[in-house]
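Mind having a look at this structure? Questions to follow.
Here the chain labels run A, B and C in written order, and each chain numbers its own residues starting at 1.
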Amino acid sequence: RIMRPDDANIAGNVHGGTILKMIEEAGAIISTRHCNSQAGEACVAALARVERTDFLSPVCIGEVANVSAEITYTSRHSVEVQVNVMSENILTGAKKVTNKATLWYVPLSLKNVNKVLEVPPIQYARKEQEDEGKKRYEEQKLDRLETKQRNGDVIFPVINPEPHTVGYSQSSLIHLVGPSDCTLLGFVHGGVTMKLMDEVAGIVAARHCKTNIVTASVDAINFHEKIKKGSVITISGRMTFTSNKSMEIEVFVDADPFVDESRERYRAVSAFFTYVSLSKEGKPLPVPQLLTETEDEKRRFEEGKGRYLQTKAKRQAQVQQAAR
Amino acid sequence: RIMRPDDANIAGNVHGGTILKMIEEAGAIISTRHCNSQAGEACVAALARVERTDFLSPVCIGEVANVSAEITYTSRHSVEVQVNVMSENILTGAKKVTNKATLWYVPLSLKNVNKVLEVPPIQYARKEQEDEGKKRYEEQKLDRLETKQRNGDVIFPVINPEPHTVGYSQSSLIHLVGPSDCTLLGFVHGGVTMKLMDEVAGIVAARHCKTNIVTASVDAINFHEKIKKGSVITISGRMTFTSNKSMEIEVFVDADPFVDESRERYRAVSAFFTYVSLSKEGKPLPVPQLLTETEDEKRRFEEGKGRYLQTKAKRQAQVQQAAR
Amino acid sequence: RIMRPDDANIAGNVHGGTILKMIEEAGAIISTRHCNSQAGEACVAALARVERTDFLSPVCIGEVANVSAEITYTSRHSVEVQVNVMSENILTGAKKVTNKATLWYVPLSLKNVNKVLEVPPIQYARKEQEDEGKKRYEEQKLDRLETKQRNGDVIFPVINPEPHTVGYSQSSLIHLVGPSDCTLLGFVHGGVTMKLMDEVAGIVAARHCKTNIVTASVDAINFHEKIKKGSVITISGRMTFTSNKSMEIEVFVDADPFVDESRERYRAVSAFFTYVSLSKEGKPLPVPQLLTETEDEKRRFEEGKGRYLQTKAKRQAQVQQAAR
């Protein structure tokens, strides 16, 4: 579809969140279709996890985004979908790969939302494809367990913060979940949540560096808990790490099902977003260093540095492998 | 209402699809009101057909669109509505007729969506009005039958197409039908479908000629089948004909009620859109000729030429009549 | 236009903010048209103030809102517009007055947004109309000055608040101002701001009483400062007063023009919203009393009580006058 002014920031770059939302919609359609392809109980595929994805090149207003999706692995209760996004300038015909994402979906019964149904198996062209898929499946399962434990953290507001401290740029947003945000089951689309997360992360990044910023990558996101229609969700973001040219922002999503008094507020999702600052010509700009004050902030900065160096090393390995 | 940036292309011209959506909403309101004006079963008017309409002048961001609607004929089970759109520049006070459209609605029972109710008759000022309305009614009924038969065609993707061939510009878009797309009965508003059709046709046109394009006219559109909430719709477009300064694009809408296993994917709507290419000053530009390759493409080109010449002849006849 | 699921809460009642947004759009159209009706510099009318308005009856999904607007007074630099909203159930034909609002607009030059232009005078049918308009003009001018002084207050977050205290329900929302939120001048439409204010106030009310709530009235709202495209706005709400069946919520709008480093964050708007809690049958429910803790909270509660009693007295006087 054509990118509109509302999809983009004032410099004309389409928000990473808009792209994530399109990716998730494509994934939800293909996996819901697959899970209903055999006779049996009707179901809707719900997003369980998005693997780490890089935004390779910015998309602009007026360009067309082409989204294609393919099922690459099925376990008994989950579907792995690979989604590719190409941006196309329809005036020049130029096409660029924007990003490639891997998503995991779980089929939930239309009659009983708490019941996970079985996934019809797909056919693999080669045996290795199945084995590699199984390996990816086991890896993401482990990672899901891990993040579940990390999930207790809360962001406290800071009064009169100094520029470039964590408190200075931290932001939070509340959103009342409406019908258009939801699937047929009455739960928020994963893509809607990711779009709001990107919005908050972008505000944190812009408050820190006061320039035009774009999403560079998103770490793996796990969707631990469903969010029901009518809930209020609070999306909070704080900066955790800065390198010379990038900022890492941690984002939490908390749901408050306040028409349903039996449940307390709970953490539904958390993730790390990385942003870069761009000049008017689209070149990366240096970023002011994050000033850490408390012990926790210093620890998170070091953890962020670890993730940054790990990603950098991985990317260099890939480049070397490609060059061989 | 005031036209916003999201209603328009990057040159600031409001999408034909936005106008069609407003027209349809006005028509749905007036015909639903009329069909419920007598005691009896409550109903919602569903769009059955839009007659051919020309976009006489482009509307720009910031202008106000004034939509007025009037019931001009009623048969036993259908309502004909005439809708006029005027664009008004509230800064200069200038008003222009944007287009005039004729729509046909059918009242569906609120309790049983498959039941068509009776329409209360309207009063005609003169007997001739009734006779002319009846003639229009019979004509559109015939045309509806005809297009129903044409509806089997499918668009296949082409690998590495040459510029200006049919395969080069053909495009398709998928959309998951959400609650705000639907009427009280849980079926997609005709206006929502038309807006998506215009979006795809616009992408096809822009890919072909790589310039700023606007909707010039829409051929009669027949809504053969309702589309249910939760369906996935695929809107596909391909170019069928080019004259020196216009492009004709055929658009198909296929619905996939994929949570409802009892139904296969089906063709819900099809239509022809005509686009022109505009320079920065708003003057029509020459359009590259469509290169046809297969026998089918050549046949469709000739059919398109037929429609083009027929419309041209009709318009000249009208001009001459007006000049007399 | 027809009210959609996205315009309403989960009980199907249309948000007061949606109505306020429609009212403001109608007012902006009629006053921009009027101010450009004479030769001279082109201008856009900007909302300066909305008078207190009551929501007389809730509007539901599927109903049509009819908005009509009329200019009732002009001073040298401002326009008073009276807007009426009728909701119409197009199935039954039933019409109800939803609310009547009075708005004040100021024409700003299209070339220089800081220049207020002169308003062409309107013709009055009777001399008294002009005198009464002038009286309303002077009154609102006074009130505008007063609220400007109140505007320094800030909402501080509270850690682990008790139920039914002020801290328990207070909420805030951030929003990045996009192109569709703005007028031709690149400043936020007053209606967009009011819609967000109603959203926050509604969340505060729902958090307090955990039931279905609807907007009952909005006190006069003054728009002291324009908000520029690309700004981040923070909308914060806190409960100030509860009667047996109503809640008063104070809402602040702060703008952060963070791409424009020369300006600090500033208070753009503030207002009081009153909500009632409704049962499933649409009957008003008792509201839990607000627990005030600090001196400031007690003072604000008393002030809210004053406003509540004053409004009640005024309404009774009107009823008696009407009964005579």
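FYI, a contact is a pair of C-beta atoms (placed from the backbone, for glycine too) under 8 Å apart; a residue touches a chain by one contact, two chains touch by 3 or more.
Chain identities (UniProt): A, B, C = palmitoyl-CoA hydrolase.
Keep in mind that what you see is a predicted model, and the values were worked out from it rather than measured.
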Pairwise touch network: line, ring, star, complete, or other: complete
Degree value of the rotation bringing chain A (palmitoyl-CoA hydrolase) onto chain C (palmitoyl-CoA hydrolase), based on Cα positions, nearest 5: 180
Centre-to-centre distance between chain C (palmitoyl-CoA hydrolase) and chain B (palmitoyl-CoA hydrolase) (centres being mean Cα positions), rounded to whole Å: 38
Sites on chain C (palmitoyl-CoA hydrolase) at which at least two other chains make contact: 5-6, 179-180
Residues of chain A (palmitoyl-CoA hydrolase) touching chain B (palmitoyl-CoA hydrolase) in the complex: 1-2, 4-6, 25-26, 28-29, 32-33, 36, 39, 42-44, 61-62, 64, 90-93, 110, 179-180, 182, 184
List of chain A (palmitoyl-CoA hydrolase) residues in touch with chain C (palmitoyl-CoA hydrolase) within their complex: 5-6, 9-10, 156-157, 159, 171-176, 178-180, 199-200, 202-203, 206-207, 210-212, 229-230, 232, 256, 258-259, 261
